[in-house]
């Protein structure tokens, strides 16, 4: 995993980077649930559960988004066989926005009808998409980082997808100030879109045969 | 780990998916304990420990269930050598129900004698089993995802086991409304059943020799 | 990692089990720090830090213990090349006691001078040691699980070490009821012992050459 | 991963150690965000967000530091092909200071203008750097632990960098007592320095060609 070969020691295998990224995604995805707590000392459980409902729906939306981002990351990183310093730094900036999801999800969970709260989550998603776009664009521009046989157009397409998803998500910010429910509609549309695109990306490779 | 081979680039190795799933299982299993907190500011430790006892028993039951699910996941996934988009999406839906266990366990820990609380945990287990059944059934129906030499009947059997365990667990919901202790009895019977089945699955492979 | 070979499909590689165990150890080790929180709303920082000191010392002791257990686990598991159902179940029971350390450490951190609190942590350590002893003993008794060239006496020695450490730690329970500080002395002696033994186990292998 | 070869069984592959270290880094990095919580029961969201701002800036600084340390760890560990008992113990001492970052970051987040709080974080960083320096120095002094073709001067340089960064960070302690903002300036200068050095270390290897 961390093996060192004298012939290509100027390039680093991304294996440890990928393991690290997966670890942060896995922890962030699991920490999301920590915001869903029953109020302590309540005895009226049905009401407590009803009150938890908005936060639970936010949880489902954020879980689906982060899971969708992980799928696209998983798909794109297969094309990358080496990493250099800049790719590692860009990837860690990308991870910063993964670790912020438990915070922004908790802000929306606590204030589900405040446009400002939904803007925090939209901004987080947008910054994630932009930094992911930077990672894939950088890799696509540096041939020596790519796996043999990797087709540039895949990475470029995945960079474009992140830019597209980011654009859709940023729309949720002005929409929330018109009517906060429109932000939820925007997310609920974007999230399956991300998953569906992820699924299609796999299928596409099948079609080529 | 993320290597990319031009000959089979239409199919993705499940290695990163498996690492990710293991990460989520490991974090969820460890977060369970965060619900077991002494009430702050108490000076009567023996009483505080006694009051923690029901939540501790719930912890043991949920730990054993999630550990049992991990064993069956571990066993089944060995047969899968490739993954496509739908398998990844199904696996992430499956993970959603893993990340919910710390929440549903905390609900039962706080309200151990409320049928509604036990119904939340039973429903979580049921949804985990159903989504796991969907993963194995999907894989069993797509030969090209399976490892060479994998015998279909193993995966089918493991899908059936998840369906069976799910059926046993859903019984806990009506039982809880008759008498809440019956739900605990149902869980305490189901959990070793899962572990025992897991153990048997390994042994079965020995017997064939 | 999860590859499936038709020739030895009756035995399972322990790679996923080891990754899972490492994940649980890593999360448990990092969650320990969550108990060290400043009381919210305090303005007298020096006093708040002084009040945190006993919990901080408990943190150091528990961190060193769990790290020591991980070292011995790391050393012992190298000899195991395959796992069967019982080894997996025993390993997950072993993990149960890893996940309990954040709880028992928090009990001692909140009540550092109560013999009952120190007994909880001692009991947790004891149960960890006993379950680790069960894992190594089981493996040592089943030749087909061991790596080629593994020498049985190493595993047997490591099983004996866990039994020895467990015996030393259980002494802390009666000692605490004589004088609670004796329990700390016992831990502070046992913990470097575990680390020192871990170190010696590596060295021993050097000496044999 | 945990394979055991009879020819070099006196030396242990560092793969499991590296996975474990990455796990702890990933969890610690993600737990940092748990300190950023909205005060419960507040209805004035804009004010709550403004009040969270200092803690958020501390979060960014600590995230960037820990990410920078991980990059340097990643780079240095590539040269290490085997580990012995002392290297494992030194690495776990190093990890102790990783797990403390969520605590010291929360102390500074709660008391951003107290010199004593900033001294806690500076001391944590210093101890991390010193223990990392000890790891790299130890490895550089034991040829048999290094990968074939590893050049000693790289590890020595990385050990020197950790010593240098540690020296810069310890300056923040007296500076904070002059004026607490100087500690922030010191951190904000050191953190990109760490990242920049990390980046350069990769590039250097490119230049040699």
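Observations
Labels A, B, C and D are assigned to the chains in the order they are written; within every chain, residues are numbered from 1.
What we mean here is this: a residue touches a chain if its C-beta (ideal position, glycine included) is under 8 Å from a C-beta of that chain, and two chains touch if they have at least 3 such contacts.
All of these numbers come straight from a predicted model, not from anything done at the bench.
Of all the chains, the one whose CA centre sits at the greatest distance from that of chain C is A.
Interface of chain A with chain B: the two copies contact each other largely through different residue positions, with under half of all numbers used appearing on both sides. Centre-to-centre, using mean CA coordinates, chain A is 35 Å away from chain C.
Chain D has its Cα centroid 25 Å from the Cα centroid of chain A.
The set of chain C residues that touch two or more partner chains comprises 1, 19, 23, 26-27, 31, 34. Chain contact summary for the complex, chain C toward chain D: residues 1, 14-15, 18-19, 22-23, 25-27, 29-34, 36-38, 40, 45-46, 49, 60, 63, 67, 70-71, 74-75, 77-81, 147-150, 195, 198-203, 205-206, 208-209.
Contact residues of chain C toward chain B in the complex are 1-6, 9-12, 16-17, 19-20, 23-24, 26-28, 31, 34, 84-86, 88-89, 92, 95-96, 99-100, 102-103, 106-107, 110-111, 114, 116-117, 120.
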